[in-house]
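What follows is a structure written as structure tokens; I'll ask about it next.
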Amino acid sequence: MAKRIAAFGEVMMRLQAPGYDLLSQANTLSYSFSGTGVNVAGALARLGHDSYLVSCLPPNPVGDAAAASLRKLGISQSFVARGGKYMGMYFLENGFGPRPSRVTYSNRMESSFNTAPEETYDFESIAKQVDAVHFCGITLAMNDVVRNHMFRFASAVKANGGHVVFDCNYRPSLWGNDGYAKAKPFYERMLRLADIAMLNELDAMHILGLASEKSAREDLLAELIPAVADSYGISVAAGTHRSVNPDNTHSLRGYMYTQRNFFFSDTLTFAVYDRIGAGDAYASGIVHGEFERFAPEKTVRFAAAAAMLAHTTAGDTPVSSENEILKAMERSAGDIER
Amino acid sequence: MAKRIAAFGEVMMRLQAPGYDLLSQANTLSYSFSGTGVNVAGALARLGHDSYLVSCLPPNPVGDAAAASLRKLGISQSFVARGGKYMGMYFLENGFGPRPSRVTYSNRMESSFNTAPEETYDFESIAKQVDAVHFCGITLAMNDVVRNHMFRFASAVKANGGHVVFDCNYRPSLWGNDGYAKAKPFYERMLRLADIAMLNELDAMHILGLASEKSAREDLLAELIPAVADSYGISVAAGTHRSVNPDNTHSLRGYMYTQRNFFFSDTLTFAVYDRIGAGDAYASGIVHGEFERFAPEKTVRFAAAAAMLAHTTAGDTPVSSENEILKAMERSAGDIER
Amino acid sequence: MAKRIAAFGEVMMRLQAPGYDLLSQANTLSYSFSGTGVNVAGALARLGHDSYLVSCLPPNPVGDAAAASLRKLGISQSFVARGGKYMGMYFLENGFGPRPSRVTYSNRMESSFNTAPEETYDFESIAKQVDAVHFCGITLAMNDVVRNHMFRFASAVKANGGHVVFDCNYRPSLWGNDGYAKAKPFYERMLRLADIAMLNELDAMHILGLASEKSAREDLLAELIPAVADSYGISVAAGTHRSVNPDNTHSLRGYMYTQRNFFFSDTLTFAVYDRIGAGDAYASGIVHGEFERFAPEKTVRFAAAAAMLAHTTAGDTPVSSENEILKAMERSAGDIER
Amino acid sequence: MAKRIAAFGEVMMRLQAPGYDLLSQANTLSYSFSGTGVNVAGALARLGHDSYLVSCLPPNPVGDAAAASLRKLGISQSFVARGGKYMGMYFLENGFGPRPSRVTYSNRMESSFNTAPEETYDFESIAKQVDAVHFCGITLAMNDVVRNHMFRFASAVKANGGHVVFDCNYRPSLWGNDGYAKAKPFYERMLRLADIAMLNELDAMHILGLASEKSAREDLLAELIPAVADSYGISVAAGTHRSVNPDNTHSLRGYMYTQRNFFFSDTLTFAVYDRIGAGDAYASGIVHGEFERFAPEKTVRFAAAAAMLAHTTAGDTPVSSENEILKAMERSAGDIER
Amino acid sequence: MAKRIAAFGEVMMRLQAPGYDLLSQANTLSYSFSGTGVNVAGALARLGHDSYLVSCLPPNPVGDAAAASLRKLGISQSFVARGGKYMGMYFLENGFGPRPSRVTYSNRMESSFNTAPEETYDFESIAKQVDAVHFCGITLAMNDVVRNHMFRFASAVKANGGHVVFDCNYRPSLWGNDGYAKAKPFYERMLRLADIAMLNELDAMHILGLASEKSAREDLLAELIPAVADSYGISVAAGTHRSVNPDNTHSLRGYMYTQRNFFFSDTLTFAVYDRIGAGDAYASGIVHGEFERFAPEKTVRFAAAAAMLAHTTAGDTPVSSENEILKAMERSAGDIER
Amino acid sequence: MAKRIAAFGEVMMRLQAPGYDLLSQANTLSYSFSGTGVNVAGALARLGHDSYLVSCLPPNPVGDAAAASLRKLGISQSFVARGGKYMGMYFLENGFGPRPSRVTYSNRMESSFNTAPEETYDFESIAKQVDAVHFCGITLAMNDVVRNHMFRFASAVKANGGHVVFDCNYRPSLWGNDGYAKAKPFYERMLRLADIAMLNELDAMHILGLASEKSAREDLLAELIPAVADSYGISVAAGTHRSVNPDNTHSLRGYMYTQRNFFFSDTLTFAVYDRIGAGDAYASGIVHGEFERFAPEKTVRFAAAAAMLAHTTAGDTPVSSENEILKAMERSAGDIER
């Protein structure tokens, strides 16, 4: 049954060089609008839910273009404020084989979202109109006003009986020196509010400071995730282990910990067309599985297949339907569908 | 020596989303004109023969564009009628890795070709001007008037001493429920008129209803194809076994049965750029080998190499010259030719 | 104050050749989704109203792309059904100077919209949720089932206290021989249901059969429009006189007849970038003026400026905001806005 | 009734910068294949005649692309030889308003056409298969071997009862210093072989050395063209007067002198999209009028309208049908055709 | 003889929507790098001088692309610093006819140029290596640090015997409320340092506060410019009067005041392809004329022709050579150059 | 420390069909300017050196575009002459998997570079301004005048204490029948002038005529390279062994022989995006290592990594920075860099 979910986060304009050109070679860019919140809201809209974005866009033609793009993704803009002056932007140059992709940011700290004043959003009212809300660690890294938005919004949703989803998504470049120490109290506060948390053993060790004598990733996961779930009161913890293979395919295995049990997807190996946003597809798959009361075995496989498909489509925002993901769970490589 | 060959079939407009975009993401399409008849006639024109298409196009700018495209492929339009109102069209969204390509058709049943009245083509006259004619099972699925065109045309060519080529090419979606039962009498009629037939063991079992206790594809082929050839009086039967590998390469092995003997190509494995039309390249290779009186060993290898190359070029219609195919028979992957 | 308006009509896929190429020269197309209903609903959404489309789209990737496009235009899809198999399509080749643009249609009679069965839409329920509904003469030309949809929907809205807008928009090619005679009873029925009607003196004479001894267009208008308004009970009649000048600019003058008075805009003369959809911009301007209770003098000037701007933007669907139209009412040609 | 016409001339590859970019700004080019012979043969094919090109293309992928392009234009390649190594090429940068277009040539003197040896073409055989042949002054400027091809071919056609069309088309840059003196004997020889000649009063004075005391272009035309027609035995002389207006529109008036009478088109004024090849459209219109035995009044108006339309379509080669030209004769600027 | 000139100013990234699309319609952008300093330095490099830019670019892929673009324009980067993090950017949506172009800025206040610290440039050393330096009023509007750069640089050049060019270029949106009052002292300081100043009567009145009882622009110019030149010690004052005509052509007339005399170009009227940067072309033409010691009559006509051509080429930066400008001075509209 | 290096060679215009289209399928091309000299000079400019090209370009818009492109690559044009009429050009059609790429040349023998007269370049002066000069075997194949340029230039540099780099780069198609015999004396003369030579065992055997009884490539290398280095007085010999793998990845291993020792890189295996110019990246890496006095172990690994990266970027000319190459030496496949 369709649920109502809001995602809180910045809308970024992605400006991508064509093919495998560098910015200093090309003279055109393709653009789209994304961000973790956009991606999760868009993915869940595509999966049939009523999705809202809670964000702030500039009242100018760039903001209009972002709004049009959100509508195209099926995201309701009832809770999108217009204010400030600028849009966060990033440039993407596609890598090829041994050459990595490069991302160059514009000054997102001056964006409409990151400069939106305290009173911009009516969280009490929004909280009454949704079943769940999604936050992410990138937003947590922005500034104090944004963090206050997050805490107030999460608390309001909680108070109204809704669920809080938090994706740890720690980005070292956003936290600077001593990043983990700086981030810890904020992460702890969010995790205490969270019902569903996206994280893995590295987050547990580095951000939350848990220690272990294990060394294999699987062992660390088995030891640390239950500890985190217990101490922060998280009912679903989930995440992925990912590796880039020598032949440029990627491998990905999803895990989900709930009701004191671990569930794992198969390790999926596949060619990659567009890497960005695949983690958001995984998160959306977990949320969808919970919304639809899938068995955890199915939820984790669904989320992993959603993440795999997100690597094969253009843009940051997942565009696969439930039906396409279910089919992908049963198949490896496919011929033409006519 | 150059032969004169006519192909009978619909011209379809292919409307393809750019790169790996979905229709709901892009805003441009590239277009081309193809169809099994176009592909075979175009391939044989490229191989040096006088190729004709027997078809019907609308007398409007879309039909003009199709006609220009056929001319570009080297296909003579002496036998292309103009009438009706619409062009058959299909949309193609390219898949990537585990995400399959998607084909969405417009209403081809209303097309100029599928609504062309009985008297549209002067088959008697055409039959006198060609050495061979090519038909395909897709056309056979259209409607009774089209089927009558096929039977009359094939009979006329036969009566004038020409050869009839029939590619079974069974498409389940075109025949609906009880498809095999519905299709069987029409296929039998065409196979009785055919000198060269493209089919494999699955066609023999499913369409023609032959039974076997074997299970391996090779064993089934060895048992069933001679039976079909005998009972329908087919002098050359040919086809391919194809598989999609986990790394997204395709493997393909061609067979040819003639003069009571089987001939096989090597199993070729290769990366795929454009999947559609590769079967038509194989058929064209077999026809060319027969026209040129190649030894069967060479014909089957030539056809398989032609099919492989057709996977590496844009568009449905094979564009490789005889020389390029002969080179590809001797080489696997190649560096630059300067 | 924002009103709720539904438009009833087919969504067409527009496939446009690049620049000034013919279909037989190019190999790419740009595509968008439009139609009179889409254009009016899109224009009114941009002007700040809650816009709905009542239509039917195929449940396939082409229909998905249309739905995404409607969302982007800000049109609510609450009342868009999914069914049938095909999308109406048309090809557009841009003219240049003395060479006219060419439009070639696919078979729209087989489209999802034109084959939607009687029970597709719940008009009673929709009528309760809107303040007004828009219909157009193109839709009226389709078939009996579609016409019945129109009459039932218009009656339901009327019965619920809503307003009915009808744009005569007579297309000779859709009605065939004896078109006017065939169309007359249906037009009369729609006009009797209409509160706001878009038409001019030619419609009055040709479709409705009114006679006059005048010859100048202005005189005919002055005589015939009041007669039509009286006999069909129309509270607002509006339309344009348009001419193509020798230097390829267009001239356009809007009229509006209401409360027994005529109001006219200035004659606007301007360069044209994309001609299609400008009439829908005019109609939307009239509706917006009525919704906002503009003085008729302002409404007719607003509608004419909206039509003028619609000639200067890409695509069929008007994209100008109220503010941009108000500015254009005060200005002729403009330099850069920074 | 369809006639058979051959054009003799070089195929040039046109490499055009996008929009109004300079070569030093852009990084893509669009390409097409043209030349006076291609343009006239293509135009006459579009007008329903059997058109042949007599030319020579390199046996490489560039030559293959040219051949495919000729086929697309409906030009038979029965008489196209393959030999030599290179294609003549030119770069085109579109001008805008007061900035002129720029053409930069590659070394066409080394092209397959300009280095084709004496025995390349079997003119005796070709002459028997055509009703007329077209030559142009650009070809005459190339070299002695090419000129010998021209004289032999024209004589053969004449000997077989066919008609010779010669377009003077004098290009100063191709003849160098003392160009007129150098060119005169060759032009005289071609004009003596010609039945239809495209020229105007400037050609008569500068190339053929006629003198007059008149100064107005019309007076010069009236005096000199009859003299040229008489002394060289030309049955139809035709040409245009053209001017570029301050608002960047062009004006064009066609003349035709036959049976001792002058016939003129109206002066047509129109916006210009692609200037190159319009003269060839005019010549094709005159030839078509003669083939179809139009009255001279109609022929000259038809040719002028054909030339006007050729300014409104992309590429050098005229693409308008007889029907489109006839319509354009009756209309100035046009709205959409649906 | 080639001179050495440095321009001081920000490099902006221009992100332009394709054709006449809005940002909310398109999904690609073309990009280039410009700014008044870039435009003047680029124009003078194209006119044969040694041009330098004194500016600061971020040390990231966007800065690399800007640097590559400057090199392509022939601008030496010896004095381009690398530092800071961001590039100033603006989005451009092309207007059409009555619809104006729209420019939307990103946060240029945070750009590398506008945050470059005091010690970034070694003005003493640069001043010794150039003959002249160019500044503009846009740069003057940025912030105090940037203004200090300007004053220090101008003083250093003056002290070393070089010439100072200052283009008033007042942009209301950059100065905010009370803009003229705020700007006045800075403009006065720059004008006292300037040898060549670009301004007109509006600048004299609004920025410098001069009063007059005249009303016609010409009369105001004749009265106020000599007053300004006298009181600030300016040896050359120059500027343009520009108007947009109802048919969307622009008209432009240049003036130059030097040695107590006024010189005027003809009023040029022309179609416009790309409006931005034309004022910089005019300024460059004046500077070039002074460098080359043209007579003032020629300089002002040269500058006006340069400005006219700059409207006909893509991008902000003028790309016409001296020869092309000289030709344009003698011609209105032109046919093909081959 | 930055060195000054000049490369002597032709600038070629590369005209590339889009994606994997054949020339006979596409209608656009992308273009860039390259050549061995351009590639080496461009690569070394990117690595921080002062790079010069010694070449000749036509004084027309195509030459201007080439010059702009060289500037963009950071190559100084102080020594680029302008003369002659034509640009060497080649067409590139990308291969896919088993289908090889195809290169078709225009007539480069007529190019400005290949027809530049004896006195075009002032080698004495240039030699005084550079630390090293680079030549290649392709240039050596052109004609006697070009070869004399090479010998004079190399001698002048040597006489001035600079270093000579010579890349053997033997292209069979350029030398014709008896190519090796014809080439040998010229190669010997260049090798005697060279300090650094790019070659491998096949060059030693085929061009220089050395014999061996070995058969494995490694053994041949070990035997023949020291012999060549000794007899021609070469201080650094370097080159690669390359193979195309069945899965279309390429493998490459670099060698370097100096001070009587061999040094090898690992065998690198990687996906290939653009094959052309990778050899020039390797040569540039060797030169850079020598300039920077890297240990030979590091130089050979640096050169191999540079070559690998050059396969992953668009265009012929390497665009990787020193930092990017150093990173690639430590990593195989990479995820996103943000």
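A, B, C, D, E and F are the chain letters, set down in written order, and residue numbers restart from 1 in every chain.
Just so it is clear, a contact is a pair of C-beta atoms (placed from the backbone, for glycine too) under 8 Å apart; a residue touches a chain by one contact, two chains touch by 3 or more.
Composition by chain, UniProt nomenclature: A, B, C, D, E, F = Sugar kinase.
Quick caveat, the model's predicted, so the values are computed rather than measured.
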Classification of the chain B:chain C interface as same or different, half of numbers criterion: same
Copies chain C and chain E - rotation angle from C-alpha fit, nearest 5 degrees: 120
Farthest chain (mean CA position) relative to chain D: A
Distance between chain centroids, defined by C-alpha means - chain A, chain B (Å): 46
Length of the line joining the C-alpha centres of chain A and chain D, rounded to whole Å: 63
Intercentroid distance (Cα basis), chain D paired with chain B, Å: 42
Numbers and ranges of chain B residues touching at least 2 other chains: 22, 24, 27, 68-69, 72, 102, 247
Chain D-facing residues of chain F, complex: 15, 22-24, 27-32, 60-62, 64-65, 67-69, 85-87, 89, 91, 93, 102, 104, 106-107, 110
Complex contact set, residues of chain B against chain D: 68-69, 71-74
Touch list for chain E against partner chain C, complex: 19-22, 24-25, 95-103, 105, 171, 173, 244-248, 275-276
Of all residues in chain A, those that touch chain B in their complex: 72, 247, 249, 269-273, 308-309, 311-315, 319, 324, 328, 331-338
